[in-house]
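As written, the chains take the letters A, B, C and D, and residue 1 is the first residue of each chain.
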Amino acid sequence: MKVLVTGFDPFGGEKVNPAFEAVKRLEDKIAGAQVIKVEIPTVFRKSIEILDKKIEEEKPDVVICVGQAGGRFDMTVERVAINISDASIEDNEGNKPIDETIFEDGENAYFSSLPIKSIVSNIRNEKIPASVSNTAGTYVCNHIMYGLLYLIDKKYKNIRGGFIHVPYLPEQVVDKRSTPSMNINDIVTALTVAIKTTVETQNDIKISDGKTH
Amino acid sequence: MKVLVTGFDPFGGEKVNPAFEAVKRLEDKIAGAQVIKVEIPTVFRKSIEILDKKIEEEKPDVVICVGQAGGRFDMTVERVAINISDASIEDNEGNKPIDETIFEDGENAYFSSLPIKSIVSNIRNEKIPASVSNTAGTYVCNHIMYGLLYLIDKKYKNIRGGFIHVPYLPEQVVDKRSTPSMNINDIVTALTVAIKTTVETQNDIKISDGKTH
Amino acid sequence: MKVLVTGFDPFGGEKVNPAFEAVKRLEDKIAGAQVIKVEIPTVFRKSIEILDKKIEEEKPDVVICVGQAGGRFDMTVERVAINISDASIEDNEGNKPIDETIFEDGENAYFSSLPIKSIVSNIRNEKIPASVSNTAGTYVCNHIMYGLLYLIDKKYKNIRGGFIHVPYLPEQVVDKRSTPSMNINDIVTALTVAIKTTVETQNDIKISDGKTH
Amino acid sequence: MKVLVTGFDPFGGEKVNPAFEAVKRLEDKIAGAQVIKVEIPTVFRKSIEILDKKIEEEKPDVVICVGQAGGRFDMTVERVAINISDASIEDNEGNKPIDETIFEDGENAYFSSLPIKSIVSNIRNEKIPASVSNTAGTYVCNHIMYGLLYLIDKKYKNIRGGFIHVPYLPEQVVDKRSTPSMNINDIVTALTVAIKTTVETQNDIKISDGKTH
């Protein structure tokens, strides 16, 4: 089995992106599966094009995109991506779309096809905080997740895919007040568990991990 | 013009629900439109059935559902509802669905057809904090918003509809630590602005109000 | 009985200070006591000098200083002021003391002589969130509180005095993300309760309102 | 040089206390100084008695007490301890003092004699978030810090002492929502830096690290 894992480059004035920092530290083989790691630019459209090419090239069985969610407290496995981009800050090439549809012929939203509840449960078993998130925002993270699931829906039916958000690293919050962070080793462990769980799980478990709002 | 506004009854151990507390204080006429107010039970399925009946009966031009988002800091106008229910607590009749599709023949998600950016902008002009939210959760609030937009899509094509979340009232946080709240008068003002804006706005403005995650 | 209530002028880039906005709206007579209201500059030293003069002039029985605690969720009645100034931003005349003792012949700290537990309890009875705080910071708020209690200790033995922090107003957080606020009417009610309680209470009640850290 | 470092045992329903978990992992020699580690019960009075005995026995040059501050985001070096105990929960032997003076003949407060600004600065240089805190609460942490500084003032004039609060470990927040944590290795590194800094620094640096409230 082959797993493609992507991480974004730094954006929004940050010097590092914990997503790719963690992705590049992953083992090359996890639970018997080959792990391909690729850095993707935090740029609308271009990020999806690069992902598409990489999928064509590598023909993975699973694609997991990883991004930074500065301000979140735990590993958050995204449930759904929506067909809209609404940027609060420019991307790394100066684009700032407002309320733009990502793909005109796409669904309003796509649900992750990763076993999200199993992943959350297994990360927590490793004593690392994790939860399901019901919004990946409206920036490039939601954009790539939507793009991935759109591509799967239209072109790569047999691939399973989804998105995981990671907190800031401690070094990123040294100059920010009251902002949570997570050690890089814990992020790497959590992503490793996510990959292992995806490789080994066909049907997700049914446990409650919803939010009232 | 006729506007139907719903608010949920109290849930999760609370004695009041700021949503209906505010809804019932709304004027009967706003911006020339008749305002119909109805309390809806915080119950999966039943809430949608009651809403459907009320729409059939009242034939409104606009439907705005309002719910409590305990822990949020500002008025949050929801952008999207997703086709899933995942309850972290029981509803008021003991239901606790996990990862259940709301309507098998519905879209993965529906976008609000209210002028959400205009509403947020106009509430802020009244000096009350407000923002667009990209998740209504996976509990009865998302459920009723999804149900409303599904009904509009399938049966009531000409109605515009959406959902607004309101913070706790101050009285609800007296026994909670570090939890934000909003005065009932401010919530009523904000909802009044939302109704007025919807009545008077055909095309939403394009201003950035997205989130990176 | 006469109660002197002070509120600071705006600082840190804010257009209003909720402290004086609330103070100036107080009734002139509360629980039979005369209420004298005075605005004080957010300036180290000068604020204490003006307070001293005002006390000499008015000969109040009680002095309550009020200040803005932007980011706090509730009314916070301060327990203690410490003999140090450590400014993170300049005051309104450009002073930015670092680790400076306020009065060389003062105690390390002074405790409020207001009935702080009774005040918190009574504000909460009005359905407005309140708690005891164990730090007034190290800026001008702690400075004036320390100055007041130093003056009481050295010159005005029979006066009772203390400090109350109030949250931002809603209008102040319209452009801030995820920041709590409190309606001006609720702040005025809470301060009125604080004054009434102080006038009517000789011995504070003993109820737990501590913090583990 | 000899440094005595204490950490509390678990309290408040927690299975571990990150304070002693980190303290027991410290090297036995840091910056040439001998490091003595001792676990102290989270109990009013008794904790101070044990500390007193240990100081008599070990005759350290420096004493650093360490405690858990669940909910804080970073390493917090305490500036001051106040002469009062006000417990919001019982200690580990069922005591729950309300507004009790710790030592009748003690000052209202004592300031840390550690180089707190240097410690914070050096921890941040290691890319670990840290700040000065102006309240150690009113529970056993403030109690032991006050007790330590009282003992130094009355009996052990040449010892330097103070208190450092540490966040929850990740494993402690797996079942808590939106609560920050810090990896044990980062806490150990930060405490090591604190000890090294104290050993090597006679006069603290003057940099701003105050709070407006």
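By definition in this document, a residue touches a chain if its C-beta (ideal position, glycine included) is under 8 Å from a C-beta of that chain, and two chains touch if they have at least 3 such contacts.
Keep in mind that what you see is a predicted model, and the values were worked out from it rather than measured.
**Q** By mean C-alpha position, what chain is farthest away from chain D?
**A** Relative to chain D, the chain with the farthest C-alpha centre is B.
**Q** Compute the distance, rounded to whole Å, between the mean C-alpha positions of chain A and chain D.
**A** Computed value for the inter-centroid distance: 38 Å.
**Q** Between chain C and chain D, what's the gap in Å when you average each chain's C-alpha atoms?
**A** About 29 Å, centre to centre.
**Q** What's the distance between the Cα centroids of chain A and chain C, rounded to whole Å?
**A** Measuring from centre to centre gives 47 Å for this pair.
**Q** Listing for chain D: what residues touch at least two other chains?
**A** Residues of chain D touching two or more partner chains: there are none.
**Q** Pairwise, which chains touch?
**A** The complete list of chain pairs in contact reads A-B, A-D, B-C, C-D.
**Q** Mind pulling up the chain B residues that touch chain A in the complex?
**A** 12, 67-72, 79-80, 82, 84-89, 96, 98-99, 107-111, 117, 132, 134-141, 165, 206-213
**Q** For chain A, which residues count as touching chain D in their complex?
**A** Chain A residues touching chain D: 73-74, 124, 127-131, 170-171, 173-174, 176-183, 185-186.
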